[in-house]
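Input: one structure, supplied below.
When the chains are written out, they are named A, B, C and D in that same order, and each has its own residue count from 1.
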Amino acid sequence: MNQEVKTKKLINAPENIIAEMIEGMVGAHPDMLRVEGETGRAVVAVEGPRDGKVGIVVGGGSGHEPAFAGYVGRGLADAAAVGNVFASPSPSHIVEAARAVDGGVGVVMLYGNYTGDVLNFTMAAEELEQAGIAVRHVAVADDVASAPIERKSERRGIAGDFFVFKIAGAAADLGEPLARVEALAQAANDATRSMGVALSPCSLPQTGKPNFTIGDDEMEIGMGLHGEPGIRRQKLATADEVTDELVDAILGELQVEAGQRVAVLVNGLGATSQIELYVIFRRVKQRLDALGVEIHASWVGEYATSLEMAGASVTMIKLDDTLQALLDHPCRTPALVVGT
Amino acid sequence: MNQEVKTKKLINAPENIIAEMIEGMVGAHPDMLRVEGETGRAVVAVEGPRDGKVGIVVGGGSGHEPAFAGYVGRGLADAAAVGNVFASPSPSHIVEAARAVDGGVGVVMLYGNYTGDVLNFTMAAEELEQAGIAVRHVAVADDVASAPIERKSERRGIAGDFFVFKIAGAAADLGEPLARVEALAQAANDATRSMGVALSPCSLPQTGKPNFTIGDDEMEIGMGLHGEPGIRRQKLATADEVTDELVDAILGELQVEAGQRVAVLVNGLGATSQIELYVIFRRVKQRLDALGVEIHASWVGEYATSLEMAGASVTMIKLDDTLQALLDHPCRTPALVVGT
Amino acid sequence: MSEIAARTLARMFERMSEVIEAEKDHLSELDGAIGDGDHGITMSIGFKAVTTALAGMNLETASPSDVMSTAASGFLDAVGASTGPLYATGFRRAAQALSGRDTLDLPACRDMLTAISEGIRDRGKAQRGDKTMLDVWLPAAEAATVAVANNLSRPAFWEAVETAAENGAAATATMIATKGRAARLRERSLGHADPGAVSAAALIKAIASLQP
Amino acid sequence: MSEIAARTLARMFERMSEVIEAEKDHLSELDGAIGDGDHGITMSIGFKAVTTALAGMNLETASPSDVMSTAASGFLDAVGASTGPLYATGFRRAAQALSGRDTLDLPACRDMLTAISEGIRDRGKAQRGDKTMLDVWLPAAEAATVAVANNLSRPAFWEAVETAAENGAAATATMIATKGRAARLRERSLGHADPGAVSAAALIKAIASLQP
């Protein structure tokens, strides 16, 4: 391919892309989202933050839309700190988001477990604590492909964010105190497993170049949400074979038995059609049905993307009564509406 | 490229793809969707169809997910007839869907204005009428790029389906009689305009080949929802320039003035990131703001896709009080939840 | 001899299905240029469904008209798309034309071709020159009518029909589409043969090769 | 002569930004192989932000420590990512080390390099051999310490530092990543140089070229 040719995107100047996206998001959902602070990177719920309620701040790099600002709204996150494409937001972005949602009883910060996010949220927490705001954080680490279970704390956060954010958001909305919201977010994180597969690369708006190369007939099992290499590259297989591999890895750890309940998320990475996602979900359900495991709730669609990467991930959370009630708690955000 | 290499998809045997997708959809949304009849192609709302209510049947080829079955549910469509990829459902599929939702006061059928859909829905209507079921149909024709205004009845239906379905579904849910539901669907169709742009092709699961070729730096203005050629091919431009062209074509016909209201849909065709869609929405809003036109409601995301095509469309509907109230009426479907 | 005529028709549909399988990718490519790229797929699904439906019939007792009706329904239920209603209506009309007939003599073949083309025309409301499959079926039916009027031999009849079909298909490349998906292309459809016309010519060629 | 030292530092950051612009695409490509492909972009944004922030300072009155602090905040606010906190902490630590100093003599340069490397280490909790930028900054700081202890000349000091940095960057290709995004790659990271190490070596080379 001509070195000069960039991958095609409908954008303006790449350096303005985040500001323009936020302008568009807030403009499209003015009943749910607003921007607060100086940096323009703190997207805050119109309804949600209130005195006496634990504030929920989520965040991470851009390019994963609807994560993270799409989860801001009543019953879910109170604010999102929005980083550059594939780059954690800076402490100043995070501090602005946290200050906007502080209701006097502390803030829980949730993000995917990546070095950049851990470092920036940690620096932000240091600053907030100096200002007298109590902060807890939970780094979502659901990607079974990214490290063995003995090193679970090193695992990446991928689409499992969805369940952890939802459950923490519900707990905060219900008025749970800071330590309990943190514990429930951690419980959700402990009960959640994901694994993905990628078929094609994505390209950063600034470089306009595919961020990895992959053969015309290959897939990468365990690919990360930024195109970080996974555990194996192999010839493309059928949807059922691929789904079985993901489900096997997840169930191997989750240990769900007949009569137990899970919630399932089949997530598209950006360029994968809903037909494919539903074909994958069908196989996940066949597998769970065969085990007698009940699917309490399920979502199929784009919930944590990698720009226009082709591929998908499967996420399951093992539910007890507490987690289930929190998952069912109503919320209203651009990316997710639950309840009536 | 090697002629033998097929575009990559996460599927099983292509000939089973529709049955497997429907199994997945119904399995993922058992509270909203079920299948009725012999052919397996009529997806029916769990809640919705009822005696004395006009039945709403939507339908069309597959590959446009969430259209069409994703719009089935309380307050929107009562059933969808699901065709093969890019092929209208057959009369038998449509008849099954209509029979399942007939509440004794007639059925309104809504579909995009394509020869195949018109012919199949017409044959189905002939059969239904012989069986004593009153049928009306409205073929959505919102794509301004597909024919000049003098030949509006020849225009293709693209993402404008979204508004026409929503409004007709609300009218039926509110108990309006057959002729009135048809008239309101037609009014919505008359008030809706769309135009799209494509950056890359999609490929049918059966052929595995890109269904058109386009230069590495080109886009097709006015591309149809199946990759049918548009009105012009040109070098890729900025998001603002492209959006302006789409908005100009739409506003040139809609004639909205300061103080009037529209609803806006920025729709991704499959492989376009939400960042890009929000950047486009931002420009649409800038344009409408400059005119003093009020955006009553807006949606940004994938609502009528072309498999994994890259590109987007802009749709506007000019609202009067009646259409606005119907747009705001609650509904609950896999693809769209409105109201609380 | 109703068994023989019914069998011949069934064989005819088998041959049509074979030729479509062989041309499938080419037809989809033609459709990709001016339509949505699925014409080979829809025709393949349709004619496979027809042969499956016919395999379920007792051809000893079935009439030619029965075979045509079964083919029509089999095609329609499986296909949808534009071609489903068009061919189903054509085949149904042919079933009417063959009703009460036991042999596939040349007048019967003429009537069958005429009925198919009229069914397609009535269903699709297209006209000659609109760059559709009609630009093959209509001239083929006309050639059949002239051939019967001129008392042509069986080989000469089919040669005339096949030539008319081939010319009709080739001519679509010089037409501007006004019906179907390609209609929105207008001038840009020039130079591309219509996929439905090309498949129609292939079908007629398959029939002619049997010289029923 | 605090103006001169502050100016030198500001010039140093300008040179760093230039070298990052030149290496930007290469750094992103390295990151694409074992990470997320943005390292060139984040470094470019970061050092542009630093030069913008420094342009807003009055270098006549600013101390070297002020310059370092301003660089740290400018970098951090603009970048986020992994590199933001790492370099910001390194530069802040350097600001402390330079506090009260007016000249950039070789001991000051040694202390600056040491402070940067310690700040990065304390923030990122990585160790030598983890295949990160630390594998450049730590040996560079050590080389500086040895060079001062051995009373090397200014050119020899910087040559030693630059060589240590280059060797460190090259060595990362033989290491298995255990920190950062590449850590999940394990053995598959072998053979690929770490992008953060390569950019660190480029930064040190840029500083050395000025011989402050």
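Methods note: a residue touches a chain if its C-beta (ideal position, glycine included) is under 8 Å from a C-beta of that chain, and two chains touch if they have at least 3 such contacts.
Just so it is clear, the structure is predicted and the values come from calculations on it, not from any experiment.
> Could you set subunit A aside, keep the rest fixed, and say what connected groups are left?
Minus subunit A, contact groups: B, C | D.
> Which neighbours does subunit A have in common with subunit D?
Looking at subunit D and subunit A together, no chain touches each of them.
> As a quick test, compute the distance in whole Å between the mean CA positions of subunit B and subunit C.
32
> So the centre of each chain is just the mean of its C-alpha atoms; given that, what is the distance between subunit C and subunit D in Å?
74
> Go ahead and note the Å separation of the Cα centroids belonging to subunit B and subunit D.
Chain centres of subunit B and subunit D, defined by C-alpha means, are spaced 53 Å apart.
> At which residue positions does subunit C touch at least two other chains?
Subunit C, residues with two or more chain partners: not present.
> Send over the residues of subunit A in touch with two or more other chains.
85
> Kindly provide every pair of chains that touch.
A-B, A-D, B-C
> Touching residues of subunit C toward subunit B in the complex: what are they?
Going through subunit C, the ones touching subunit B are 25, 28-29, 32-38, 40-42, 45, 76-86, 88, 123-124, 179-185, 188.
> Looking at the complex, which residues from subunit B come into contact with subunit C?
Residue positions touching the partner: 39, 61, 83-93, 114-116, 119-120, 122-123, 145-147, 154, 156, 204, 206-207, 209, 211-212, 224, 226-229.
> Spell out the part of subunit B that touches subunit A in their complex, as residue ranges.
Those residues of subunit B that touch subunit A are 1-2, 5-6, 8-12, 17, 20-25, 27-29, 62-63, 65-66, 70, 85, 197, 199-200, 205, 216-217, 219, 236, 238-240, 242, 264, 266, 270-282, 285, 295, 298-300, 302, 305, 307-308, 310-312, 332, 337, 340.
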